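Letters are used for the chains, namely A, B, C, D, E and F, taken in the order the chains are written, and counting of residues starts over at 1 for each.
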Amino acid sequence: MFLPLLFTISLLFSSSAHASVLDFCVADPSLPDGPAGYSCKNPAKVTVDDFVYHALGIPGNTSNFIKAAITTAFAPQFPGVNGLGISIARADLAVGGLVPLHTHPGASEIIYMVKGKISAGFISSSSNTVYYKTLRKGDVMVFPQGLMHFQVNTGKHVATAIASFGSPNPGVQLTPFALFANNLPSAIVEKTTFLDDAEVKKLKAVLGGTG
Amino acid sequence: MFLPLLFTISLLFSSSAHASVLDFCVADPSLPDGPAGYSCKNPAKVTVDDFVYHALGIPGNTSNFIKAAITTAFAPQFPGVNGLGISIARADLAVGGLVPLHTHPGASEIIYMVKGKISAGFISSSSNTVYYKTLRKGDVMVFPQGLMHFQVNTGKHVATAIASFGSPNPGVQLTPFALFANNLPSAIVEKTTFLDDAEVKKLKAVLGGTG
Amino acid sequence: MFLPLLFTISLLFSSSAHASVLDFCVADPSLPDGPAGYSCKNPAKVTVDDFVYHALGIPGNTSNFIKAAITTAFAPQFPGVNGLGISIARADLAVGGLVPLHTHPGASEIIYMVKGKISAGFISSSSNTVYYKTLRKGDVMVFPQGLMHFQVNTGKHVATAIASFGSPNPGVQLTPFALFANNLPSAIVEKTTFLDDAEVKKLKAVLGGTG
Amino acid sequence: MFLPLLFTISLLFSSSAHASVLDFCVADPSLPDGPAGYSCKNPAKVTVDDFVYHALGIPGNTSNFIKAAITTAFAPQFPGVNGLGISIARADLAVGGLVPLHTHPGASEIIYMVKGKISAGFISSSSNTVYYKTLRKGDVMVFPQGLMHFQVNTGKHVATAIASFGSPNPGVQLTPFALFANNLPSAIVEKTTFLDDAEVKKLKAVLGGTG
Amino acid sequence: MFLPLLFTISLLFSSSAHASVLDFCVADPSLPDGPAGYSCKNPAKVTVDDFVYHALGIPGNTSNFIKAAITTAFAPQFPGVNGLGISIARADLAVGGLVPLHTHPGASEIIYMVKGKISAGFISSSSNTVYYKTLRKGDVMVFPQGLMHFQVNTGKHVATAIASFGSPNPGVQLTPFALFANNLPSAIVEKTTFLDDAEVKKLKAVLGGTG
Amino acid sequence: MFLPLLFTISLLFSSSAHASVLDFCVADPSLPDGPAGYSCKNPAKVTVDDFVYHALGIPGNTSNFIKAAITTAFAPQFPGVNGLGISIARADLAVGGLVPLHTHPGASEIIYMVKGKISAGFISSSSNTVYYKTLRKGDVMVFPQGLMHFQVNTGKHVATAIASFGSPNPGVQLTPFALFANNLPSAIVEKTTFLDDAEVKKLKAVLGGTG
């Protein structure tokens, strides 16, 4: 009795025979990208695995200079977020570890403390006012778009946080690396930061900059 | 006297020799699409027919289960709306016909009653409040973005409405088809909707679902 | 047995006790407006009548100079569309009637022909190319954002169209009224349009302009 | 020697004497709200506590019908996210617990599994295709904007997830509550969902609906 | 001692090995364009010269009918602005020169007077109110999106202005050229502008229109 | 004969009797502001002077530490740009003057060189690549949203530039002031920038910071 239905459903939306991607646009990095993100993967080839990502379950390797690691699930790693306006990352901070001062150009961020104790803060642009606080397990903090912010492990154990962003590809500009890890001439760095020549040259050497 | 003008006009905007699409981006489905829509057809090949669509003048075939038909002029059918943020469709509801509960992910909708009498409504998310009303010829009703809504012919004649959307490709998620016309296991459907096993299995059979 | 449920539902979203407008923002013109639209009416006072509008069912009075009438359901008249990015209007064109050349600053438009026959078109900005066509009952045409366009009744009967817009308050700048129905000095109008002094002064007199 | 500097800094941006909110717009619910969110709190009264929220550290009370609890940090609870395009929530699912099928009108969501094992999925609109998967600690999954999705605890322990959203106030429309927990007449629910009268009336009784 | 750092920096963001364009999307006109702009040039081939443009330093050739020249640095000429939402142009107006009435569909504009004296204004859509003023060196004026505006050199010297726009490709629709420099039949122009037949035909001849 | 027209024009748009702000939203700082900007000034009180600003014609006072001055025409100073997505400023750099490294959170910028010679550049986030160049009179350069950039007068004369922004209130975060001109404890600054204690304390003293 209901059998005919199976044949008429497809007629309900009678002009949608050529319908294409409606709901999502999984990134296909083999095609050109544009200002709104990557081109869309052929929907017929999209599977649930494009929307699931496992790497954030693994603690990052913090055996480095800053005793911290950031594992990102941005559009280049996690193609399912392309075009959806959000992404996520994991931060691990060993004892004494920190995420240096940095900005995300054009994306706000919320962190959720999975474990540990950190000091986190941001600096407003209008008056250089600092908003910072000690965060513990379960706390969340929001960092408004484009403002310089930091996280420092101030506890006695590893700290782990989940960071979510209002962009599928928020980028990160680490202030000390932006200042010292490139070939911008020391004289310009000094003039535009008021830092001493010796300090600039020392940190350029440390962080791999030249000039 | 005015003759020289013809030669100087093109110099007025002196750097626009390589100007490209400014005003519209007619969809070219043969090129990659992205989060903002289809790639643009070569403007030199665009004609007025890309901006005009005739199929909404023809009543849809309502000889089906729901006694209704939706004819869409979304970007896949009507390439001129690509990138312009709007689209349009026609709904025909035979006597006793209806458009099942559904949502448009991310697009608001306004309907204009061309003829007939329907009962239409939507359900708000914050309190499950229902806003519904009988609409007659000439009435308009707006359905806010992403909320479940429906239209039922409650009159004695065919009802026809024109629906306009705030997206060139608004999509439509019909609640009963989303629930019952796929391979989502019955046990999950039952748990997540509180429906009985018998009801779920019956409707899966009717609507072509499995599992 | 299920009775306790009624008391626990409200706990499901445990922090939403102070939840406010989520789904819509019905205009309250008694409060300040901002770049995104009007302030929101108290949700407790919103009814279905905020989302329904009846005036488009009534033919406009075309006993005027252009033998046409536009009836708008924009945010100021139809508060339910505030913040939703769309609106709608009705155009009636008596025999010989027309909508003069005009633009909607920042909104695209789709018209649906309810009845009659018109000639409609728009002018692209990059090359002044004209895209125009005769439209009949059931046809739709899209006019890209901000471009000059027109509709002229070229049939032997009244023509009626429904126009939908990608803005809750699209505005309309009628070219001849913008040129001649204000106090912009004739000398400036003439210089910036290349029109004759006599023509400008005649139309200023007709359309109520001064200077 | 550097003393005069303190007096000249304020002159650097010489017209910004009346500068106002630049970087954030903490919600002040005592003022009117609009389509873009709440009005801004006086910046002089903003403190770091507007940007930090503690309630997500506390497991929600899952002693309810669905054995689950959602604790939200949306703009009404967490005023610092107002205007920033993102928000966050915590979901606790006891053994056998679940979040019913639901949508967020106009916001995409990413969940991060803090602990436990769940089955999560969403249904696409174009073809009713279901994308679902078992998620374990550390996994993330993205749910595209406006699509129906669910989470079911399929493990032997409590499951906890952090959900982030691409809107400061994403709303949630729980499908069974939208269908059965209001005064929409049973006859309309039945027509627009294809459900049996007995089933609809039973669930209306359970979930608190009338009619 | 710091040497190992050089090797660990790249591990800091451990999943970004495949990172792509984050910060900009320099136009590559050889690839398809879409509603959001041109496709992005391979970041490895981007140089500072993509972000710098020299042509605005050269006065435009004003030996033409309107004694004015506009030199644009829009996305087609200046690929670095693609996707960034802004662009810039230079206007030179010889003595007696002018920019005819025109609109930018969907972009607001600010002009800065580099030298000279002009009369500039725009016409609002709601009431045809004209806002116009004499501008001198150093003055700025903003023209809201999509509204008809003009600039006339009313001084005794060349006037030069820099115009910035809220779009990388704002377009320009010059009213007299839109009316008279194409093949729109004179009868339609006359009906939709109220202009005389003789005037329309004269200006069509002058500006290169036909029909 | 045309007299009746004056009375019918107002009937053309028959429902717009209560029409409000359509085209612009001049800032009224006495009313609440929101995420989209300031509330709108009563349109009846808006004059052309709300859209014109004179202060950019006056060289800024560069008798300060950085030998530079920025004069802004942002929404707080120039209310006409509110809601229009753009703004403008003037930079004067005396010989040896500079604008320190800074970001605009969420706005791209284009500068036009009015006179003089500067070295200007920005640092990308993905790889810390520096894009910098010498700019002379008439050159323009674009700085993508949220990225650190600088301008240094490298010539023998005063340099003046006009800067336009893709936001009516772009904000500015000057890196050295963000680091040293507030009460962020020196220990945190040092940890999160890798700078020496002596350097941090010296610059805190210079720039007015404490802690």
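Throughout what follows, a contact is a pair of C-beta atoms (placed from the backbone, for glycine too) under 8 Å apart; a residue touches a chain by one contact, two chains touch by 3 or more.
Just so you know, these numbers come straight off a predicted model, no measurement behind them.
Counting steps between touching chains, the shortest path from chain B to chain C takes 1. Over half of the residue-numbered contact pairs at C-E are shared with one candidate from B-C, A-F or E-F, namely A-F.
Ranking every chain by how far its Cα centroid lies from the centroid of chain E, the top place goes to D. The interface with the greater count of contacting C-beta pairs, when A-E is set against B-D, is B-D.
Rounded to whole angstrom units, the spacing between the C-alpha centres of chain C and chain D is 34. Work out the mean CA point of chain A and of chain C, and you get 41 Å between them. For chain F, the set of residues touching two or more other chains reads 16, 19, 21-23, 32-36, 38, 73, 105, 121, 125-126, 132, 144-147, 171-172, 174, 177, 181, 206-207. Of all possible chain pairings, those that touch are A-B, A-D, A-E, A-F, B-C, B-D, B-E, C-D, C-E, C-F, D-F, E-F. The part of chain D that touches chain C in the complex is made up of residues 29, 32-36, 38, 55, 60-61, 63-66, 68-74, 76-77, 105, 169-172, 177, 181, 205-208. Of all residues in chain C, only 16, 19, 21-24, 43, 47-49, 51-54, 56-58, 73, 78, 80-81, 84-88, 108-110, 112-114, 121-122, 124-126, 131-133, 135-147, 162, 164-166 touch chain B in the complex they form. Looking at the complex, you find that chain D touches chain B at residues 98-101, 103-106, 119, 121, 123, 125-126, 128-130, 132, 144-148, 150, 152, 171-184, 188, 191-196, 199, 203, 206-207. Those residues of chain C whose C-beta lies close enough to touch chain D in the complex are 2, 4-6, 8-9, 11-16, 18-23, 25, 28, 31-40, 82-83.
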